[in-house]
């Protein structure tokens, strides 16, 4: 084996209490039985140290893919391969985790074993989009490794202009706030778009994220094009005994200062008899009071989801949060799930037709205006979609009467049931 | 300035509101002045002016002030003069009120009476509406002050307001090509269009302009610099109602008004449809808002969906903004009232 | 930089076998690239490759996959206007594999 | 005299309790001793009725001015002069009122007398920009009337691309909330820019409005380019006795619900001993608590003004509110007022140089960015100017260190006094 | 999924926090699960993975979950197993904590280790900072949860956060003209620039691109589609710190992060200057904020001027936004704290 | 519409004496318009009028008063580059009066 590269700077990252990735690399370099892995680890450390010294990165992209797939691999070729030969091809395979990231040790061991055969021995749990990232395989082994794990059930995730790997919070599996079946939603959507994950043919990436309640532990509203957030529509549940318990243990002042006065719509107050009054009509399901007093308060029974479209980070018009497109959607029956999928298809189809190259769905909405988007996907306007009606008088309203009529008809239909 | 105001200039301690239309200001030295506030028609004939002067001379030491909503203020330092003054004002046909949590006089612009670009009248609209809102002017029934504005074209000289009644055009301008060459500086007109819908063009061999009707948002901005861009049209000039413009800093920061209703017939001489909507909004506000909530704050608390529900006004695609910065107006949250 | 030697001509290519100089391209090198990948270019392949080259000449940019799909569908019938068909021809993805044979720049960015 | 025009529609505006402008017109038409005025009133009623019937306006503009003045007259020529001859020229003179709109009956009578000689007999108190509008003179009488009232001290206001007539609230003259000498500010600014009022040579209009406190009874922040708003910088004054009085008469619940919980920054609370505690550091001088309890609370002693630049209505980029440019400015000494004028000059000069044709100051700021404007007028950046720092990462920051240094130097100087 | 989670799927009643790093969830039937949360370095070598598996097999029924911040979650149904499990985790070199009002693990991106466009490293930054923030990870000293993100280029795969440490370029890209023609699809590159600073150009007779350096905002968007647009540069790559990004709907609506500090040296291997600022912000937040206030809410309450005062960070012209919709970020009110 | 008759030619004007057809303009009508206003056109006036006409030819728009002021100042010296000087020449305002004599369209809008 070649000599170890000196890594004085990286060595400093072995100090301190936090688990050190450098120590992990060195374990592979120093202890691994297989020379290939030792070499790769050494070479990788060398290139990384070189980056630390020169403050620049030295990877470039490429076009590696596995047979039948247009996406799922992030190819990396070294720009300093002369010096760091063993890691000159260092591709990542993005592999979809189980929804919710639940693993058995068997799964982890099996994946590790396969990866040791073909890859660098380094695995990332997880990428920011939720994939398991098998980081460090050369072009040939990318295929071989994939074939092996694919055999026992794992599949690649998204990359490129395609539907990406979805994410969902721990939710129903272990959280009292969960209002929806996050995993089922996640699986349903993901499975429906398998083709769009593997065969990139969209204007740009498209992400689904599912959070079981408005705490939004998946950052879905800012980091996904299609954000599903659990909520409820009837009254929240109040266990007045438990509330009194909080009152006794935390004290009145604490509850007033930390719950009552923090409600964004002043929907809470403490009655004279020390029960809690909730103005459910004005509660905006922000979750705060439920978070502070989980024993006393829980979501209601009439549960469903709010769907927001168009979140993303910063390129190229600045960050966007998703916008409410469906204020409330039941997600219980088979039909509910079918119509969810239909809606996702409408959104993706319309965007695929009308999005510019490299334009995210939210950017398209910003460009064409929300109303055109709604008409494109066949969704009626709703005041819940806006913080406030228009402030600008620059609008043409020839069709006012017809549009007003639509509203009255809808309301009449709703009233009729 | 009334000598009592001069004497106590910068030295006032507090005020009270003895009755609608009457303010009592007390100075730090305990001096008192009563102000009696009364509405006028703003555009005054010399007879009316002299009538006001007579009242002021007889009851109010010969001083008169006008508020920025064209209301009169008479000042007296002797409480005994208050009721006689009120009587004199009332007898002369003016209306006492407009203080505190009332609906004060609608702000006023020129309209058909004088302006060159009005889509509707102003004095007539104000008169018609105030006839119907007079009880709200003379009493304290509103949760907080209500400042209503009117504007007779989209330029909006009346400014923003708790409620604003403005003209909205619904068709692009028709161009009188014969006039353009001589009357308009074409580059100015082109530059004035906020959506770049106007292009120079040759029409019948003469330099003129053309409008891309799909782009045009009927704002009327091209009309003042180029009257041949005929935006006004008896049929396609509708009224629109906006709510929630609030310039005071009390509680929240100043806010812009938002569109709530449009397509309202521009229906002289009394515009009953517009008045009906204004009254409906005021009624809902009166019943539902908490004390001190201005209209914008009330709606902020109950949410816009509820506003449309309670007032029975339709919500349409036109309510969704698409102008610059519109993304800030979208609901990017799971905050929803059910 | 690596190169492919063919019929006495030397074609410079990058580490993934994309042509370094777009002007070097000819039909022979396309066939050779395919051969190195263990593939053979049928008429169906050529239709796609030629479309790509024409498109690139006009727009200086490779078509998006969905543009490609539609164009192929129009030319060859609806049954072929879908990504399944294209992936059958170019199993590593039309964006990558077909562009390579067509001598277009390596797709970047969208990963 | 010609026959009266029929005015069936306008007649309806004589019904109802509100004072009727139509009745006023008719008084002139029917009772005025002078035939000219009777004719004009009749003709005007005729044209207005015609507008009501056809729903269109029939005035067009022109270029009338008085000798030596480029502005101050709004010329109106009738487009239906054939039918309504007597009012075919119906110009308005915009005349500056006394700051604060304080009149003696003598003034009003004198103005009325002059106007009767030359004009229509109709006067508007006031236009939305605060001018007295003498509405209805022909071209010749515009000059004659102006000469006469100018002789006894009245001057024209603004119109066209010039400095407009300023406005100031009743303020110190009769309001306990007043924190500044509104009238002095108004007069000082207006007098300094007399030339710019009368000789339009700016990109567009420029308005000053002065409100004595943040209640902003002049709508200055939205309707003026240069808004001066009184405020204070030390602690507000609390009369605890008066507060107790409110507590006794209004009740605790009322005060909690209407004052304490309405403070935008939660800066108020009621102590156990029923005194009021004010967190002055977090009070944003919104005025609400002072408005509700004027006897108990008053502005502090260290008074001055906040200056906001760039307010305006809607053409052509949508409404703009003024932006804080000077968070606090003392306005007491001669020098304070001089520096206020200097600042206004800087603003107007920079805008005159850099504004596009028909571009208001606020629109220019939006176009070039606030920072360029600040540099242009020589004002340092201040965090009070923003609701929040930038959200967009699209910025070039080469000069960060130098800019940071500027801040530290300013802070050091401030600390040194 | 752990059988206890499967059993109680959708049937949880509430949770408690017995100690930092430990959650206790109770189902509606009274079943209990304890979750022990521990930090990892995210990029795990197979030895580390197997170590984790060993712990899970021995103490936690063979189940493991990862959070979206790469923390481990071990689940047990027997309270007696909690402390031994914690001991095993700790002994193996992992850190228990990150629950409730702690600073949880920084979110992680690729950096010099793998990405093709990083201006800095990611794993190293996270390691360096967490070494210094470890006490805040293992305790409950913060007013509310603190979610910190890092991103190694301005694309920002790390997302927004209460505090975000991002790279900011300070110079326009230098173009390697020789490569452009063959490597870049020029129309795509031109289209990618948010400020239209790139134009096609002929350089030395070859088609290439040119950048208008006065327009360019150094965003780096042109680099991914065209690596010859060399934006990275050891000298001109600085770190910037943003605060107040909050995606939860708790109390307020989700908010975007705002710039607070920039020009921070990109200083491997430990980036001490950036860490110092993060710590200063956290210290001020800890001392000054009320319970449950996230960083954005705290600053909202005390005002930005006070934030800069308390943290001692400089306020510069760069803090004033000038991007689309920037007008909404200006203080258009008289609301000022003195 | 009214008209001014001069040297046998008829010039159509609007109610404020602005030319209805810009092409009708000549020096004579300018002088006549001034005469009707009781003014006489000196060289100083002509300098302004000519500048206005040239500017309009080029831009199809009348210059803003401050552009005019600056241009005059540049041509005739600083002492004349101010609105006072222009108002002395055209006491009803250069924008209005000088444009009229120069045969430009009537200023609109900015009132």
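Read from first to last, the chains carry the letters A, B, C, D, E and F; within each, the first residue is number 1.
Here, contacts are C-beta pairs under 8 Å (C-beta built on N, C-alpha and C of every residue); 3 or more make two chains touch, one makes a residue touch a chain.
Worth saying up front: this structure is predicted, and the values here are computed from it rather than measured.
Of the two chain pairs examined here, D-F and C-E, it is D-F that is joined by more C-beta pairs in contact. Looking at which positions face the partner, chain A and chain D present mostly the same ones, since more than half of the interface numbers are shared. Averaged C-alpha coordinates give centres for chain A and chain C that are 34 Å from one another.
Between chain B and chain D, the centres computed from C-alpha atoms are 14 Å apart. Once the centre of each chain is set as its mean CA position, chain B and chain C turn out to be 66 Å apart.
Work out the mean CA point of chain A and of chain B, and you get 47 Å between them. Along chain D, residues 61, 74, 214, 216, 221, 229, 264, 266, 284-286, 314, 318-319, 321, 357-358, 391-394 each make contact with two or more other chains.
Residues of chain F found to touch two or more other chains are 106, 108-109.
Along chain E, residues 154, 156, 188, 194, 219, 225, 227, 249, 254, 256, 323-325, 327-328, 332-335 each make contact with two or more other chains. Pairwise chain contacts present here: A-B, A-C, A-D, A-E, B-D, B-E, B-F, C-E, D-E, D-F [touch as defined].
Within the complex formed with chain B, the residues of chain F that make contact are 20-22, 59-62, 105-106, 108-109.
Chain A contributes residues 214, 216, 221, 229, 231-234, 264-266, 280-286, 306, 308, 311, 320-324, 327-328, 366, 369-371, 374-375, 381-398, 400-401, 403-404, 406-408 to its touches with chain B in the complex. Remark: chain A residues 261, 266, 314, 318-319, 391-394 touch chain D in the complex.
Those residues of chain B whose C-beta lies close enough to touch chain A in the complex are 154, 156, 166, 168, 170-172, 194-195, 216-219, 236, 238, 240, 242, 244, 256-260, 262-263, 301-308, 314-324, 326-338.
Only residues 181-188, 224-227 of chain B touch chain F when the two sit together in their complex.
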